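Please go over the structures that come below.
Next, two complexes with chain A in common: one pairs it with chain B, the other with chain C.
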Partner chain A sequence: MLKFFIGRLVQMVILFVVFLSIVWLLLQLMPGDISDTLIGNPDIPMSVRLELKARLGLDQPLLQQYITYITNFFFRFDMGVSFSRFPKDVSAVLLEALPRTLVLFLSSTLFAFWLGFKTGKLIAWRRGGRSEQFLIVSGVFLQTVFYPWFAIVMLWLFGFVFGWFPIGRFITAELWLGAPFEANDIFGRLIWTVVIASVAYGIARIVIGRVAKDLVTRERLAMLLGLLVVAAVVGYWAVNPAAKFAWDIVHHTILPVITLGLVAFGAIMLLTRASMLETLGEDYILTARAKGLPDNVIRDRHAARNAMLPVATSLVLALSFVIGGGIVTETIFSWPGMGLLFLQAINVSDIPLAVGALAITGVLALVGHLVADVLYAVLDPRIRIA
Partner chain B sequence: MTTTKDQGADHGAATGAVAAGSPASDAFAHQPLWKVRLALWRRSLGKTWGLFRENKMGMFGLGLILLFACMAIAHPILMATVWDPKIYDPVTGYSAVELQFVIVEGEPTDPSTQISLQEARLRLNPTVKVGQTVTIPVQPAPPSLKGPNPHLLGTDPQGRDILSQLLYSTRAAFFLGAVAALTTVLIATTVGSIAAYFGGFIDGSLMRLSDLILLMPLLPVLILVSALFEINMVMLGLMIGVLGGFGGVAIVLKAQALSVKVKSYIDAARVAGGTHWHIVLRHIIPNVLPLSFLYMMFGVTEAIAIEATLSFFGLLNVPMTWGIMINTAQNNGYLLSGTSYWWLLFPAGLAVTFLCFGFFLVGRGMDEVINPRLRAR
Partner chain C sequence: MTLSQLSLEARQVDPSLPLLEVDQLVMHYKIKAGSVSAVDNVTFTLHQGEAIGLVGESGCGKTSVALSLLRLLPQNAQHISGEIRLNGENLLWLSAEEMRQRRWKDIAMVFQGAMNSWNPVYRVGDQIREALDTHYRGVMTYAEQRAHMEKLFAAVGLPADMLDRYPHEFSGGMRQRAVIAMALSCGPQLIIADEPTTALDVIVQDQILKELKRIQADLGMSIVYISHDIAVIAEVTDSLGVMYAGNLVEYGPTADVFARPRHPYAYLLLRSTPSITGPRRKLAPLQGEPPDLLNPPTGCRFHPRCPFATERCAVENPPLEDIGGGHKVACWHWDQVPELEGLQR
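Let's look at the complex of A and B:
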């Protein structure tokens, strides 16, 4: 298992270097360089341009430039200085936006997988009928819907017509005026409480699995535990002096997460259904039925667990969608994450920032792939051994 | 059978004709080979069509695609006959409903016929006076059937006919989808077959390339590329096609080609003296093609969605597409107008959605034809 993991990790790092090189090559393919932006200004003499060129290292041979670029990225995490937010480093700008994007990606992926797997499982089990037809059609619709338009409609419907959610942005500026907290601090603390709570829940779940042998008790205990954890997190934030501000951030997060999650949900539901149907035709399901096991045991323990394999691999597919869709979501909901930063950088030709955002997106994609690979190896022993 | 051999025909087809095994194969024996092939091809096509027809969703998708095809054909005809290019051109056309207003001091009591002095000065010119009657063009105009130049779906914020834009963009979408999907399938089929048949170093390097492309976040990369260079429809189609063709689709098709490679008729062909290229071209590729066509449908869906997203961001060098229509509405502040200006957002958004929907449904229908396990039991 460890060998497999390390092997994949090395492969990913090599792939990332290749990816970064391609991005760098793309930039070199562009006519001219950054110092050419000064041509338009007649007040700037040639010597200044040459000096700028020398200072940015653009007068060096291409190979030298390439090596500098790669070493700067890997050993100093230095991606240059952003043009549009001038004195700031690209890495600083990106690091500030990264948690917001990560939260958007993670929570919508989890939402999509949880809901998609549950629904897909159920509609495959109860084959036929109106609800299945309806869910399949809406699944296909969600999968093919023009995403920017869908996001606009969601924002209009739930933000504007119903008024349940704020229209875009990350915080309500008026509320935070003169607040004793930084939005990023509160956001970080929110993330930490959720992470700690989920880790605690996971550990407790394993302990319950070891202690309680009886299936019914185990499930009851797990449910109780879940309620307890949720109550603890909500309780902690309710008595916190920053409760109002934390709620403001959460309130702004819900709609983008649901919108992005819904579209991925369609694909996952359809995939779960197809995979479940295939599993239900297997002989061991017949055996389980012959043993007289209750329906929900056959469904959840025998069929769904095996049907999970292709769904876990589709995490990779969902990832590519979530990354692309993330840019659109962040643009339409004015969510100040990396995607919005990327597009803004593109629009004002802030090349260092755009390339930096793309590189970090590449890292996210790679990490996602690694997670999917490991998950697959954990779920399917055949992969580990081979 | 003897006739075909005497003609020095290709052994694969001869085996195929025998393998068909029905009594009709005797009748084939005395016909030239191309006729045999044609008949076999027609028969399998008829069978496929029969299976496909049973899939209601697939037929619905096909209907949707045909509807859009009619729309694409209708635009040049309408432009040549009914529509005046000055008014109906999707990019440069202009027409506005002109309404008359009387300028009043302070807040107007009847907003449909009166306008405040302040607003009139802002919108027309600062010299207008109270009591004057002014004509103000209204854009975007709602859909109407009235007047000498009716706009069935209204006009956009720049006074251009929405229906004309919608029809014009259909052609562009089909064109892009065709370019992207054909490139994908051409490359992926070749790459997959070659990688599976030859194996070894060729296989390894091609598959590592696929891995690399799969890992690339496609949309962000395309956004960067279209920001750095001037990208038009053909280039975008080729780019999506090349990336898709060397990427995920190649891996799927290689798996299919591998399962073909181990079949006994491949060995038979080799024993009979078939060269490598002959086997790849005549035996492997034809057996991979059905799956290629399936991925072509999904490829069209993806290409159209990507193009619409890129042009929604205003990054493409194209005159008019569905994405640009939504971009125009957004840039002019109609993003949250919803149903009150529905003709700005809904026709274009639904057009992208339904065309993708159609191709996707056809793909799913074909999937059920190819994989019998998916069919309803």
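Let's look at the complex of A and C:
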């Protein structure tokens, strides 16, 4: 397992260097540079422009610039200075936006997988009927819809017509005026509680797996534990003095997460359904029935557990969608994450910031792939590496 | 059912008492083109501690009979008429939940292609334990379950530590043995073995069948063996039934059926089975194709291929009649079927 891990890690680093080089080169090749944007004004004399270029190092040959960038990136962990937000470091700008993007990506992916898997499983189990027809049509619609249009419709419908959710942005500015908290702090704490709760849940699951030997007890304890963890998180925030502010952030988060998640949901539901139908025809399902197992056990423990394997693989596909869709979502919901940052950076030729945003996205994608691989190995004993 | 029986001790058997009675069973599969008459008027009785075999060529309805017994037929199957009684209780009248509780505890099954009977993502031991958890919830402690499973594995000749392995770590033969161990786990009175050894090589096939036979005798279980290989099945059964196109055409003590088949189909089937021990015989393969069960032939279903057929055979379906000594045949002309020459058992 360790060998596999190290091998993968080396592979990932090489892949990342190649990725970063290509991204860097492509963005350099874009016409114009920051000096054109900042000083498009013809009144500014050429000498000043050249001076600025020289200061930013833009007058050096491309290869020299590349070497400087790469050495700074890998040996000083320095992504340079943002031109448009001078003199802020690119890393500082990105670090502020990263958690928001991560939350958006992770929550919508989890939401899509959880709901997609549940519904896909159920419609495959109870074949026929209106709800199956309806869900299949919706799934195909969601899978094929032009995403920017869909996001705007969602915003219009739930933000404007029903007014259930705030229209865009991350917080309600008026509420936070003179608030004793920083929005980023509260957001960070929200994330931490969820992370801690998840880790605690994970550890407890492992302990349960060791202690409770039989499957039924294991499943019951796991469910109880899940409820307990959710109750603990909600309880902690309910009595917190910052509850009102935390809710404001959560309230702003829900609609973009659901919108981005819904599209992936359609694909995952359809995939789960197909996979589940195939699994239900397997011999071991007939054996499970012959063993006299109750229906829900056959469905969940035997059929769904195996139907999950191809769905887990699709995590990689979902990832690429979520990253692309994430930029659109952030733009439409004015969600101040990395996608929005990237677009703004491109508009003003802030190359370091743009490259930085893409670099982080690349890291996220690589980590996502690794997670999918590990998940698959965990789910399927046949490919588990000794 | 008590724990002691579960822990692999012999059950008291009275060979005169019927355990399973299948009475004029008729079932169809509904498909777009019409209904497939897969089981037609099948009647037989299995006594306590008895082993019977069902043979017949592919597609004659053996698996359909087996699945009917457990009520595990696919959705498009229709039970038309007839009864299936286990210890006098009609299984077809039970509610779905009652039937579920009977499965594995009273009737267990080793499936055709049992190689794929294991769920690939769980340990073999956990899958056996699951059956115990379902039918003997709270009866055994975890350690008792483990001890019981180790005994089962020992009985089928597998090392106990294989319980902690995943199915893909087993060879085909081992998987099959483990399936038998799982079938024994809840102490069933009856095991249905649908081609339990088809995918295995001849030596392993022989070992497993002998072991199954020994266990069956030791525990006082009853077994229904299903196979298309009449020679394999003859060694381990007390009675033998020959099926043709959904009909049971001959039934009787294995030795009788084997030595003096009276139904033309059974006769031709046995003649076409090469004999290793006896003198060389000319093989006379069956002529023609098995019938389409969507439109089975009128009268006796075998008449289009039968060398003894007369006009009556095309019109009237012969009943399964006792011709002496519990040997039953469904044929109008059974007395014209010649003796098998050169066949020695």
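By definition in this document, the second predicted complex is superposed on the first by the 323 of 386 C-alpha atoms of A that agree within 3 Å, B and C clash if a C-alpha of one lies under 4 Å from a C-alpha of the other, contacts with A are read in each partner's own complex, and residues count from 1 in each chain.
Keep in mind that, in the parts below, a contact is a pair of C-beta atoms (placed from the backbone, for glycine too) under 8 Å apart; a residue touches a chain by one contact, two chains touch by 3 or more.
These figures come from a predicted structure and were not determined experimentally.
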A:I323 contacts which: chain B (first), chain C (second), both, neither? first
Based on the superposed arrangement, let me know which partner A:R305 touches: chain B (first), chain C (second), both, or neither? second
For the overlaid complexes, name the partner, chain B or chain C, with more touching residues on chain A. B
Mind working out whether A:L155 is in touch with chain B, chain C, both or neither, as first, second, both or neither? first
I'd like to check the shared interface: which positions of chain A are touched by both chain B and chain C across the two complexes? none
Of chain C, residues touching chain A in the complex: 70, 72, 100-105, 108-109, 111, 113-114, 116-121, 126, 129-131, 133-135, 142, 166, 168, 182
Seen from chain A, its contact residues with chain C in the complex are 213-216, 282-284, 286-294, 297, 302, 305-306, 379-382
Tell me, which parts of chain B touch chain A in their complex? 57, 211-212, 214-221, 223-225, 227-229, 301, 305, 308-309, 312-313, 315, 322-323, 326, 330, 335-338, 345, 348-350, 352-353, 356-357, 360-361, 364, 373-374
Touching residues (chain side chain A, partner chain B) in the complex: 11-12, 15, 18-19, 22-23, 26-27, 29-30, 136-137, 140-141, 143-150, 152-153, 155-157, 159-161, 167, 274, 277-278, 281, 316, 320, 323-324, 327-328, 331-332, 342-343, 346, 349, 354-355, 357-358, 361-362, 364-366, 369
